[in-house]
Structures are given as structure tokens and as C-alpha cells.
Amino acid sequence: MLEIAVIGAGRIGQIHARNIAAHQGAVLVGIADPDADAAARLAQACGSKVIALDDAFRAQAVLIGSPTPTHADFIERAAQAGQAIFCEKPVDLSLARVDACIATVQRAGVALMVGFNRRFDPHFAELKRRLDAGAVGNLEMLTIISRDPSPPPASYVAVSGGLFRDMMIHDLDMARFLLGEEPVAIHAAASCLVNPEIGAAGDVDTAMVTLRTASGRLCQISNSRRATYGYDQRIEVHGAAGMLRAGNVPTSTVEVATAAGMTGDPVLPFFLERYAAAYRAELDYFITEVAAGRHPAPSGADGRAALRLADAATESARSGQVVAL
Amino acid sequence: MLEIAVIGAGRIGQIHARNIAAHQGAVLVGIADPDADAAARLAQACGSKVIALDDAFRAQAVLIGSPTPTHADFIERAAQAGQAIFCEKPVDLSLARVDACIATVQRAGVALMVGFNRRFDPHFAELKRRLDAGAVGNLEMLTIISRDPSPPPASYVAVSGGLFRDMMIHDLDMARFLLGEEPVAIHAAASCLVNPEIGAAGDVDTAMVTLRTASGRLCQISNSRRATYGYDQRIEVHGAAGMLRAGNVPTSTVEVATAAGMTGDPVLPFFLERYAAAYRAELDYFITEVAAGRHPAPSGADGRAALRLADAATESARSGQVVAL
Amino acid sequence: MLEIAVIGAGRIGQIHARNIAAHQGAVLVGIADPDADAAARLAQACGSKVIALDDAFRAQAVLIGSPTPTHADFIERAAQAGQAIFCEKPVDLSLARVDACIATVQRAGVALMVGFNRRFDPHFAELKRRLDAGAVGNLEMLTIISRDPSPPPASYVAVSGGLFRDMMIHDLDMARFLLGEEPVAIHAAASCLVNPEIGAAGDVDTAMVTLRTASGRLCQISNSRRATYGYDQRIEVHGAAGMLRAGNVPTSTVEVATAAGMTGDPVLPFFLERYAAAYRAELDYFITEVAAGRHPAPSGADGRAALRLADAATESARSGQVVAL
Amino acid sequence: MLEIAVIGAGRIGQIHARNIAAHQGAVLVGIADPDADAAARLAQACGSKVIALDDAFRAQAVLIGSPTPTHADFIERAAQAGQAIFCEKPVDLSLARVDACIATVQRAGVALMVGFNRRFDPHFAELKRRLDAGAVGNLEMLTIISRDPSPPPASYVAVSGGLFRDMMIHDLDMARFLLGEEPVAIHAAASCLVNPEIGAAGDVDTAMVTLRTASGRLCQISNSRRATYGYDQRIEVHGAAGMLRAGNVPTSTVEVATAAGMTGDPVLPFFLERYAAAYRAELDYFITEVAAGRHPAPSGADGRAALRLADAATESARSGQVVAL
């Protein structure tokens, strides 16, 4: 039984804490959060207890679900304490800080897994399995469509690091996961079409990115902060021998036919619903790997690589030019 | 070039006349109809001419698209004239009259093909090819769903022979076509739910039929005179090795996603649109077979067999009991 | 917190015990089963304990998941003990025994819910909500397709009560649930096409049933003990204003396109996967209703009504005649 | 009746000649082609006659379906002859030559329509109608996926002008058609992954392009010279109020379900099948507009605009940089 402490009782901390509490191979030793009420509510819901931050670094493993600016510090404390670490993305918004953090982790020799949950989505994981099994031959083109149902508040946008680091970073990780090669060039085009306040905060809400790898594989990513029909999460791989895709998951299979046509249910509304199974699978994998003494992936290096792509995309969208990697 | 005369310038005659005129292997020698204006309009549209009824029986082949009560007489005249005959379903509403008519045709040794157009629908024909090729192994269960977009006028209902002989006869033919065995028992349940005038005319507008063959294959047919979403025409075969189905054809592939869900186009509105290709294929097959000196199917015997099932279904719906065949 | 004891540590008992253990509003007080090892394994997996059968009747509520022949006795013991009762279907294979059992429950004034889990499937429940909300107007025709992936062992068939009482009873309950009226006539056609051993045991493996209600609503049910493509569970409602259907749930949304066509994943393999959410929702509803002092449905009377239809279908398939209800 | 002469008896000339022959509002006055046999075969098939090239410029209208290098010359001859002109894309591979050609047409005041057939595809046309009707509000992002089933021979590639001018030009026209604004920047990434001979000929076979308009609308185009599953032609519009898409058309609606999953038919194999209806609608529109004395679109200016985008894409793919427009 892996003893795990959770830092952060917010939206993502709640998901992980509940999953740890329900897991047969783990014990939720406690929840630390400066908001004592939030920590208490979550502890009660999970049959666990509130703990001090210092105590979180005394468990075998720690799950860091606190705000982004705290991630790197907490990772370093955990590494020095010899803990296995699961940290939500991103490690940090500064590549230099990420590098320092990873160095600390490496010196400590501990496991660091970064929360790119989509790799564990059953649909995308099945697509990856088929791709690896050769279902469509050599990958030639990859298309990732990823749209949030509605934009975050401007206050969030201001501290988010921008669309590329906050939102598209998931797609950039997915691109690396599926392309099987590192991109060598990136181009981003972006606009503010959804909410002028996002533009006023210096960010964009609509973006298209193109990646190119050394062998010539191409990848397109399409992001919007708005989708009236739900959380739009699709992947399509075009290969020498065929095409492979994973689509959205509707709320139910119910369809109604009238003179207006045949209408299926909207897709699952947002990440809590769409990725519920992914969060469980991600945690299960982390626990299994740590219990077996292995270092799970996506690692700190994967987190760094995705951030580097997000930085380059930000630069490309700003300059209007292609960025070599 | 097969010379074909068309009798009947109504809805179905127009379809066939245009198809004959456009066919590379046939010549439309003329159109006969008591309604001289209708005949003239159709002749002009097809680049053909109006002919007298007697002249229709002087061509190499005749296509009978006149009202049902005239079919048997015209078939017999054509048979005696040694013509190849294409007649719209049904041969007649009386089984005895059909028997006499078929006997005349057999004595004359001419070809008689009955217009069960659905056998030639590209989707259903493809399903049949796959079934025959063993795609799902031995057929165990067959489900046919067939719904008209809206009920015919009560005046039509009164002379139609009733839902089973007028509408379901197509599905009963399709059942025979696919089951590969003759039914040995039939059960029908029927109601008047769509339009009380249909009930007042002694007919039904909603019906479900079950067929059983000697080897135990089962078939369900579902009919309604109403479908708000278009002309509903579906077939599903359940076999030992899998399931095979042919669905509706939407007006276009356009889909729109909004908060209400994902909406595809309605299905094609009625038989003119859904079976346009079927009518062409049916005619092409007739011309090819006749030109080759073969007798095309569905034959008069097939028309008789479907009518016999329709009669039995009518009797079962009336008595509430199973009818042995 | 509702204290619930579970009787039966088999396949269905395991589902319910785990769901009770995970439910926030219930406590799993223990598991009783003559097979002490099975009980112990399940108790350990759920963090509960093994109890004697007598002790199962001392909790506030009991969940009966033992073999069918024990259901009625256990229901009566529980009723006499004043417990809220959840019993897997069927109450008994004998209608007379069911009647006696229901009388005992009514005298005791306790809640008895019968495990027709499909009513709680999120897809079918959504279809029911839409139907009740008038999405397709007055229901005219109902089509239920329900096929198991593979037949049960002949030993099970021998004691199952036959396909209609063992398998189709779920569909008959669903028909009652959706039709909104009691059937007045039933016709069944059935065959043994899947496994001759089933026929040798006096049962069938392939069946089609037609129901008719007093107002003329019609319903078709299609059952097979075999479906190579997974657990086939579909419902379609045809109404005056449109058509409403709930389809199968694929294993994932992954599709692969090759020269062979576009292939989607098989549907979920069997009831454990397809109805996992239904079992949770069913239990949650039972707990909520009992906690609120209400009597949940489907009740003992619903269980009796479905059994009566199954008996009539069995008789119809045997006699080849329609059975009035 | 519009008298139309056809120049070119190759693949595309055959399509148009047959459509003219079958059109009620046009007369096919003859077919001119240096290959006298090809011209004769086509003339016979259409019930028309072979004519000399000079005679082609004596009809009311001319349809130019000859090889690309002849287009501009023929357009100018036709313009000087006062004919209405339908010319297959592209007008020429040189922008300067196109400009000169358009100037000649404008001086002559004749109608010039360029054959961007996809605008007339029923599915894409329906998407455009819905977009214009506001079905998804303001267009924010456009995704065009367009893949040929298999690469052309290297000999064709050598004279084709390259993927962007030969193949993607259709998608660039579609982008202009749907975006409702001219692009102000273009980025192209391209590779040779399908056939090394294409690379040896200096061309690419795999490409992704991004367009940006002045108001910030974004568009992605994905092209491959290979798709094992058929001719892949899809469009997706993401707007403020929803998403609109038009998908591929399968060969039939037949699906087969087995343990391998649910398999639908491959999509239509290539442009002859997929765009048969588009070619008919395109011609019908040309005839109708010319008969009404209007100048049809897409015009020569549209042909020029698409070519300019194709040139810019070619340059961007070569330089690896964004090209401002």
C-alpha cells in the first residue's frame, strides 16, 4: 500500500484525492491546503484527515495539486525528502526553473510524474496502442482538435501563462506522445475572437499550430476557448496504411429523429467528465510503477519538452514567424 | 436496343419512362395513357411520343405503370403479344386473378418481371451480396423497418387493398429475398394510430409482422404510415457470425453541433429520392436480362408469393391469430 | 446511513456489495453465503465481514443476490423482519409463489424492489426522460433488441426457467416501463439455432415477441443468445412526432479507416461492463427511496407483471398461438 | 438552349460533355481534340459530333477541358470570339499569364467561370448555406482535410505545377469561399512521405497549410497524395455558436458487426464518384447564369486568387517561413 499525501484541495486535488482513497493499492494519508475548510471538506469526503504542509512531505509519495507557482518548490522539497512525486502540469512556467527542478529530482533519484492526463484517456490510449501495433503503418500526419466549452475568467488568464502554456501544452504533449519524434519547427497563428478581455490581458483564445519533425511528419493542432457543444477532444492520425481517430464521447447514446434531422447528445461537458477515467488510470499507473520501483512517464523531462514547445508557439504567434527547435 | 412502350404517365410511369429514355440499351417507343395531356407532357420530357394503348402492345417490351386494377389485363394482352413485360407491383389484389395471369404468361413463355424495386437499391443489394458471401454466416433473424413519411389520402387507402397488400408487400418480398426460405407461419398485429380516417376506411396504419421459416429463421417487420424524419427504410440481418445492416440515406452529410447536440440531416424524404438509383438499376437489369433472352426476377411467381403473405397478414391482423402458410 | 446486508457472494452479489461499500449513504454490514470462501473474499474486497444468514435479516435492509430458488423464501423472511428488500429478478419462477410472496410483503408493509437494472442504464433512462417529456409525441411502436454475446452453459439453461423467464424478462419489463400501458395480447416465435444442447434441454435461444396494448400500441422484442460483436442492447421508440433511440456503447471511440472501410470498436462485451453504471444508479435510487421512507420501483408487482408476460410468451412459443392477457 | 462546344476529350472533358448532352437547357455542338479517336468515341457516346478546334470557338459557349498549358490561349480566343467560357482550373500556372488572360476577358466583357467544382458539391454547398444562414454564428476556425486515394504518376507530377498549384488549389479556393475574407498570411509545411519519385521530381506529397485573415479567422488545410480508405474530402467550420461539418460519403450505408467491431463501407473512391453531382450542378449553374446574362462565379479573379495562394504556399514550404499576402 503506497502512502500518498495530497497537497491542494481545489478542483484537481479533489479528483486525485478521491481516486487515491478508492484505490486498493494506496492509502490517502492526508490533505494539506492553506484553506483549512476546503481541506477539511475534502478529507471528510475521502475518509481521510487534514495534515500540515510539512507532514505532506513525510509520506512515501506526494501528489501536488496546488497552484502552479508552488509546483517547483514542492517538487524540490519532495525530492529532498526522497518521495515519489506526482505533480500536476506544468512544473513551472519558466523553463530555467523547470531545469533546476528536474536537476534536483535527478540528484535525488526519485520518481517524478507530470499530470498529462490525456495520455491515459481510454480512447486516446487505445488509439496509441493501435498506432504502435501498426494499424495504419507509418504516421505521416497528425491532427489534434481541442476546444474548451467556455473561456476561463480573465483573472485566471492573467496568471495562466497564456493559451499555449496553459491549454495547448496538453496537445503539445499529446503530439510528442504520438509523433514518435521531436518536432524541429513550429508555427503558430492565434487570435482573440472569443472574449476581448482575454486579448486585453495579452492572451489569445483561438490558435492553430503546425509542427514538423526531422523525418517530415506533420502535425496540426486546433485550439479554441469556446465550443457550444461541449468539450471537444479529438485526435486523428493519418498513416501510410490508413487513418485512425478517436472522437468525442456523447453524454448518452440517445438520438432523436424529427423533421429537423437526427440529433445525438452533446459531448461530455468538460474535463471532469471526459477525463474521469483518465485520472483514475493515470493514478493507477503511477501507483503501480512506484510500487514496482520504476520511474513513471510522462516524466519531468516530458513536462519540460512540452513547455519548450509552448514557449516556442507563444513566440511564433507573437512574431508571426516559424520557430526552429 | 430494346424497344419499350410505357403504359401510364403517372408518378411511377414518369420514373420509368425517363430511365428508359436515358438508357443506352433501350428505346422509348412511346407513352400510352387515357390522360392525353399527361402522356404528352411525359413524351415531351423524354423526347418520345404519345401512342395509343393498342400500339403499346406492338413494341418488343412493355412497362406497365398504370393503376393496379388494369395490371392483370395488360399483362395478359402483352403475353399474348409475345412481349417482355415489366409490371409494377402488384399483379392484382386477388390471388386467383394473379394465378390466372401467371398461367397465361407461362403459356406464352414470355418474361414477366414485377417491380419490387427495393431489391435493386444499392444499399440493400450490397447487404444481399455480403449476406450471400457469408459475411455473417447463417441468417438467424431479420428485422425490416419501413415507414412512410406521411399517410396517403383516404381515397387512396380505400382502393389500395390495405396496408399489408399496398405497403408491406414490399417488405414481405424483401423478407423472402433475404430469408432464403419460404415462411411457414405469419403473425400480424396492427392498429390505426396515425389517421382515424384510415381506420374508418377499414384499414390500419401501424403494423408489426412476424414470420417463421421451416428451419426456424425469424423475421420482424415494422410498418407505419408516418415518420416525421423522412422515409425510414432499414434492414438488419443477425447471423451466426455477426450482424449486417443497411441504414437510411441522409439528405447530405452535413452535421451541426450546438448545445442541443450533434444534428445530422434528415433522411431522404420519400421513394422518389431514396429509390431513384434502385429504379435505374431495376430497369437496367430488366433490359439486360431480356436482351440476353433470360427471364428476370422478381417474377410473377415472386409477386404471387408476396401477395399471399400480404393476404395472410391481413387475415392474421383481423383474427388476432397466427396463420399457417 | 442505511445498513444493508448482502446475501450471495456470486457474480451479481459482488457487483452490489462493492457498490454498497462505495456508497456514501450506506454501510455494508456483511455478506452471507453458504460458500464461506466466496463470502470471505468478497468481504475482504469490500472492507466488510462475513455474516451468518440469520444475521443478514437483522440489518435495516437486505440485498438478495442468491440463486433464484431462494428468493421468495428470503423475501418473506426479510419482510417478516421488517427490512427494506432489494431482490434480484426474478422473485420466483412460479407465479403462484410470487403472489404469495408479494402478499407477505404487503402485509408487512415493507419496501420490495426488484432488480430490473436496465431501467437505470443512463442511456435508457435518458430515453425514458425524453419520451416522458414528449420528445416524440405519443408512443406508437417500440422495438427492443437484446442479444447476449454467447449462450450460457446447458446446465444453467436447465434451471433457468427458459429464455423468456430468464433473459427476455428484462425486455418485457422494459416494454412495460416504456409502453405506459399493459399489453393485452402477446405472440412469441422462437427457435433453437445457436446451440442444439439448449434445444435438447427443452429451451430456445432465438426469439421474437410482439406485444399489443389496449390502445393499439405495438412492441417488438428480438432476443438471441449469441452476438459475435458484443452485448447488443438497443431500444427504439417510434412516436407521432419522431423517433427516439438508444444504441450500444462501443468499447472506445476509436475508428480505423482502411481499404476495408471504417471500423469502430465492438460494443461493450456483456452486462458487467454495459450496466456497471446502471447497477450503481439502481442501488443509489434504492438507498435514497428507502431513506426517504418511500417504496421504490420496480416493485414486487412489477416483477410479477414481467413474469406473467414471460409465462405467456413461453406458452405462445409452445402453442404457436397468440395469448390474450 | 445554350450551344456549347467542348475542347478536350480526356477524363474531365468526358464528364462535362456527357453532362452537357444530358442537360435540358444546352446543346452539345461538338467535341474538339487533337486525338481524333478520343474525340470520336466521346462524340458517339454523347450523340454529338467531332469538330475542328476553330469551330469550337464559333458556338455560343465553350468548355475548355484541354491540358493546362492551353487554357490561357483558348480563353483568350474564346473571349475574342465573344463566347461565354467555362475553363477547368487552373487558368495558367503563371500568375502573370493569368493576369493578361483576365484582362483580355474583361475587355471582351464575356463570362469566364473557372472549374472549382467542389463549391457545387451538394454536401459542401449545404454547409455553405447553413453557414451563411448563421447556423454557427461568426466563423472562427476552418479545417479542410483533402486527401487523394493514391499519388499521380511522376510524369504528371513533373508538369503539374506542384502539389499546391495542382491539388491544394481546390482547398485554397474552398477556404476563400468559406472564410468570407481574404487571407493576409500563409504558412506551409510539406514533406515527401508517400513516393520518393515525387520528391525526386522536386515536389511534395504531404502538406499542411495555415491561413490567417485580417480579422483573425484561422484556417488549416491538410493534404496527402495517399489515403487507403478512399478519397477523403472533409470540411469543418468552428463558429461562435457551434460547429458545422460535411463528411465523406460512403459507398453504401451497409455496416457489418463482428468481433472485430462495426465496419462501414469505404468512402467513394475518387473525384469521378464523389463529385459526379458537383459537376452536374456546376454545369447547370453555368448554363443558367449565362442564359440569364449574368457572370457566374468562381470567376477568373477567383482562379487568380487561388493561384496566388498556391504560389505563396509553395514559397512558404520552400523557405520554411510565413508569407505575407
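Note that the chains are named A, B, C and D in the order they appear, and that numbering of residues resets to 1 at the start of each chain.
By definition in this document, a contact is a pair of C-beta atoms (placed from the backbone, for glycine too) under 8 Å apart; a residue touches a chain by one contact, two chains touch by 3 or more.
Being a predicted model, the structure only gives us computed values, none of them experimental.
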| item | value |
| --- | --- |
| Set of chains whose contacts include both subunit D and subunit C | A, B |
| Chain pair showing more contacts of the two, A-D and B-D | A-D |
| Contact-pair overlap exceeding half with C-D, pair selected from B-C, A-C or A-B | A-B |
| Most widely separated chain from subunit D, with each centre as the mean of CA atoms | C |
| Interchain centroid distance [CA atoms averaged], subunit B/subunit D, Å | 40 |
| Numbers and ranges of subunit C residues touching at least 2 other chains | 228-229, 241-243, 257-259, 265 |
| Interfacial residue positions of subunit A with respect to subunit B in the complex | 228-229, 250, 257-267 |
| In the complex with subunit B, residue positions of subunit D that touch it | 22, 122-123, 126-127, 130, 135-136, 241-249, 251-259, 265 |
| Residue numbers on subunit A that touch subunit D, as the complex places them | 138, 140-141, 143, 145, 147, 185, 187, 189-194, 206-208, 210, 212, 216-220, 222, 224, 226-229, 232, 238, 240-243, 320-322 |
